[in-house]
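Some structures are shown below for you to check.
One chain, chain A, appears in both complexes that follow, with chain B as partner in the first and chain C in the second.
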Partner chain A sequence: MASSGSGYDLSPTTFSPDGRIFQVEYASKSVASSGTLIGLKCSDGIVLACEKLLANKMLVPGSNKRINTVSKTSGCAFTGFVSDGRQIVNRAREEASSYLDTYGIPVPPSVLADRLAHYVHYFTLHGALRPFGASMVLGCYEEDMDEASLYMVEPSGQVFKYFGCAAGKGRQGAKTEIEKLDLSTLTVAQGVKEAARIVTMLRDDGKDKPMELEISTVAAENNYVHKPCEKSVIAEAEKWAKEQIEEEEDMEEDED
Partner chain B sequence: MSTLSFSLDPTAAQTTPSQRTQYPIVTGTSVVGLKYKGGVMLAADTLCSYGSMAKYKDARRIRTVGTNTIIGASGEYSDFQSIMDTLEGHTQDDVNYDDGHKSDAKSIHSYLRAIMYQRRSKMNPLWNDLVIAGSGFLGYVDKIGTTYEDDFIATGFGSYLAIPILRSKWRPDLTEGEARALLEDCLRVLFYRDCRALNRIQIAKVAEGETGVVSEPYELETNWEGAGFESTKGGMEGDGGW
Partner chain C sequence: MSRDSNYDHHISIFSPNGRLYQIEYAFKASQSSGLTSVACRGADSVAICTQKKVPERLVDPESVSNVFTIVPSIGCLMTGIGPDCKALVQRIRYEANDFQYKYGYPIPCAQLAKRIADIAQVYTQSASMRPLAATAILISVDDEKGPQLFKVDPAGHYLPFFATSAGVKEQEAVNYFEKKVEDLKTSNVDDVARTAIMCLGSVLGSDFRGSEIEVALVQGKQRFKKLTEDEVEGHLNAIAEMDA
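This part shows the complex of A and B:
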């Protein structure tokens, strides 16, 4: 063992001497290098937006979705390993439908988020298992509060409730941009555009792979039904986003 | 000596055969449905009886599945609720797949056929006669898995009292209003003669190219002054009709 900490990264069952679990950190790394994902809690609902990096130009548009419906009034978006993400989506769907079967009411977002976190966390405890290489953002309507709420589950099994959250490559920049928004007055309709702007803005067109933007909403105007946005709505949001970004760049040039 | 019909000793041989549903408990009566020009319509009252007692007077027996299909149910109400839970689960699965596919009335009818037949073959039927309607489709499935499609369908007492009316009055070019009036006539006769029927009804339709809608319950006008209701029967004096 050359330096302190080496040799402790082969299994999530063992802490390193300075108290870290390297396998979990590596899992988070694989999320950190994949497409940007953001979630916004607007005044009248939730917006989820995801940058789907296209591995191949021959892909059929709309394939390999990263935003999925979980139940009538909840949806989720993930980034990281797509196959790992899908596993969490399946689990979310099972939890949602079994809760509905058992108790006759939709699963409360806090319960769903909690159960997913337990599921993900379980994979960080066993030598025979590998942590999930995906982060999951949940947008879900809460009947008791009559509002939608936003949660993010991370590969470590941590879960928090957010006003705005981000994961993936552009998360730092995205968080900075989200903090500039007034989420208490921002509507879902505006949120869709802002989300498109933030995701587009953080891209490096020279270096980044081509992408497809996915957006969905859990909005009051749709009775809080989770709905992936129509292609035309996304195209319009992207157009608006590009105009905004160009305007900003022009202003910066003028200042120089 | 124990009188229990089951044994507390799990290793003991069963003394009586296990028994499944042999009769319904809380039941709804007839459902009547017909095709008309431009759509399909169903009607049923909102009564659920506990034996001969009129127990629940706001039991909605016609419901939508997804957006394009409506189902009306006679028979055991809890079995109907269970069937609807299952179908709603399938509808959500369709939404989750997110490929634009939706199950239509024809496939739901076929699915229910399979379920009803499987259950009766296990000697444990779902005690319902169902009428399934969707765009251009009107079908029937009963508790033993029999199916048919027709231009008009009635379950339960309706197959005796509503079918003769429909045979003489139904036309393929009925307008929506005529269709509704005809169904109301059928349910009115059923209310007069079927002791498990109620004059509080719901009408539902799936019009071509539109989503299914179920009306709020409303009351039928009735008239009990007909000679048949006023004359005494069986030599009993002064007790009304019979």
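This part shows the complex of A and C:
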């Protein structure tokens, strides 16, 4: 099996002998080595949380947003190549806006997710293009169905609707933690804290670069308008997260 | 077998033995999803059946489906790489609706299959695009010709079938159907659906619950429809009673 690529990995238009498209797999690898991104579908809305790794101490806090508003009631977060992610966000905004212009109603979440998936997939088909090196999590609310939905679009163009999703470095650990939560009763307020806890827990402060946590919500209490969380709320969530983690560590030590 | 490794990097290059390796690899890729799909037609209906594998517990099952409505009279079962399948469905839907717009009547399944196959062939001949790793099984009940079942593969082949299969256990499913094909020709809709389900069960060697498979059918003048979980359970119970 040619698992090292070796000649079959130079173009998205080449299949390997065992039927894999290596360029798409490599694009996913670049996402897998970037900051953790978590999406939670809570009982009263969506929480999006992003671990922004700070390359430079001179960066202004709160700048270089990773979570963006797509339309009034939808937001998206991405991880991976930041510049690639921005392109997908722009496309999402255009799709949402043109749907509203053409059909007169806000774009249904499933349609928006589907369109983005097709857009991202298109770049895996042509030799002149390369796949996007970014995964995107979309949280949106649909008034007709009175439902908030969570979708994740991957560099291969795959899209699914999720109860909870994770991408980036800590996704395996994050998925395990998310499965432990009872999402059907979790409120957005509590979800923000849990997301902070999961991201903080999976970092290794000694080895990883310093991070800034960015969280936003599409919540019932805000009429499902996509809003970034206030700095104070995030700081409080981080403090709670650190306390929870220390408590667990103490408990483990006591057991020993 | 020498793999002519210099000749398999590009679509539009033939190997010295006259093979197009990239297309063969595209077939392999369309089996990489690990699923098997089956379809069979009866006296006045056609049924399709495929596995429904939800990739993780956190995924909402309602967003996982390989069965698509093209137009109300034509249904489609896709097997292969997820995003490629969805892209192909987009194109099939476009072609079907464009035909209706231009000519004023619904596209016959055979015409649609031919059109999609021709498009797939273009990808095998032009170097800038790769074939889509997706096999489409199109079904309908034609008002002139009766039940129709077509399979279109990444190479651009298309053929009408009495019964067919796509995916990992394709060959075993076809072997199963070959024994049943004479009975199928006069079967009613329930028997056709049950034969499809039993075929899948037999090649995968396991019993199913209603949530683990997708079954859809088109019958007479009715629209293409997916069966609900309860309806699938009904068929599974009937099959269990038949064996007992």
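Odds and ends about this structure:
Keep this in mind: the second predicted complex is superposed on the first by the 251 of 256 C-alpha atoms of A that agree within 3 Å, B and C clash if a C-alpha of one lies under 4 Å from a C-alpha of the other, contacts with A are read in each partner's own complex, and residues count from 1 in each chain.
Here, a residue touches a chain if its C-beta (ideal position, glycine included) is under 8 Å from a C-beta of that chain, and two chains touch if they have at least 3 such contacts.
Just so you know, these numbers come straight off a predicted model, no measurement behind them.
After superposition on chain A, the partners chain B and chain C are accommodated together without colliding. Ranked by how many residues of chain A each touches, chain B and chain C are led by C. When the shared chain is aligned, no partner comes close enough to touch A:Met251: not chain B, not chain C.
Applying the stated contact rule after C-alpha superposition, one finds that A:Val60 touches neither chain B nor chain C.
Using CA centres, the angle subtended at chain A by chain B and chain C is 100 degrees, rounded to a multiple of 10.
In the superposition on chain A, contact of A:Asp101 is made with chain B only, not with chain C.
When the two complexes are overlaid on their common chain A, residue A:Ala117 makes contact with chain C while staying clear of chain B. In the superposition on chain A, A:Arg93 makes contact with chain B only, while chain C stays out of contact range.
Put simply, chain B and chain C get as close as 20 Å, counting only Cα atoms, in the superposed view.
Residues 3, 5, 8-11, 21-22, 25-32, 55-60, 62-64, 81-84, 86-87, 90, 127-130, 132-133 of chain C are the ones touching chain A in the complex. Put simply, chain A touches chain C in their complex at residues 7-8, 10, 12-21, 110, 114, 117-118, 120-122, 124-128, 151, 156-165, 175, 178-179. Interface residues of chain B facing chain A in the complex, by the touch rule stated above, are 85, 89, 92, 95-96, 98.
By the touch criterion given at the top, residues 65, 68-72, 93, 97, 101, 228 of chain A touch chain B in their complex.
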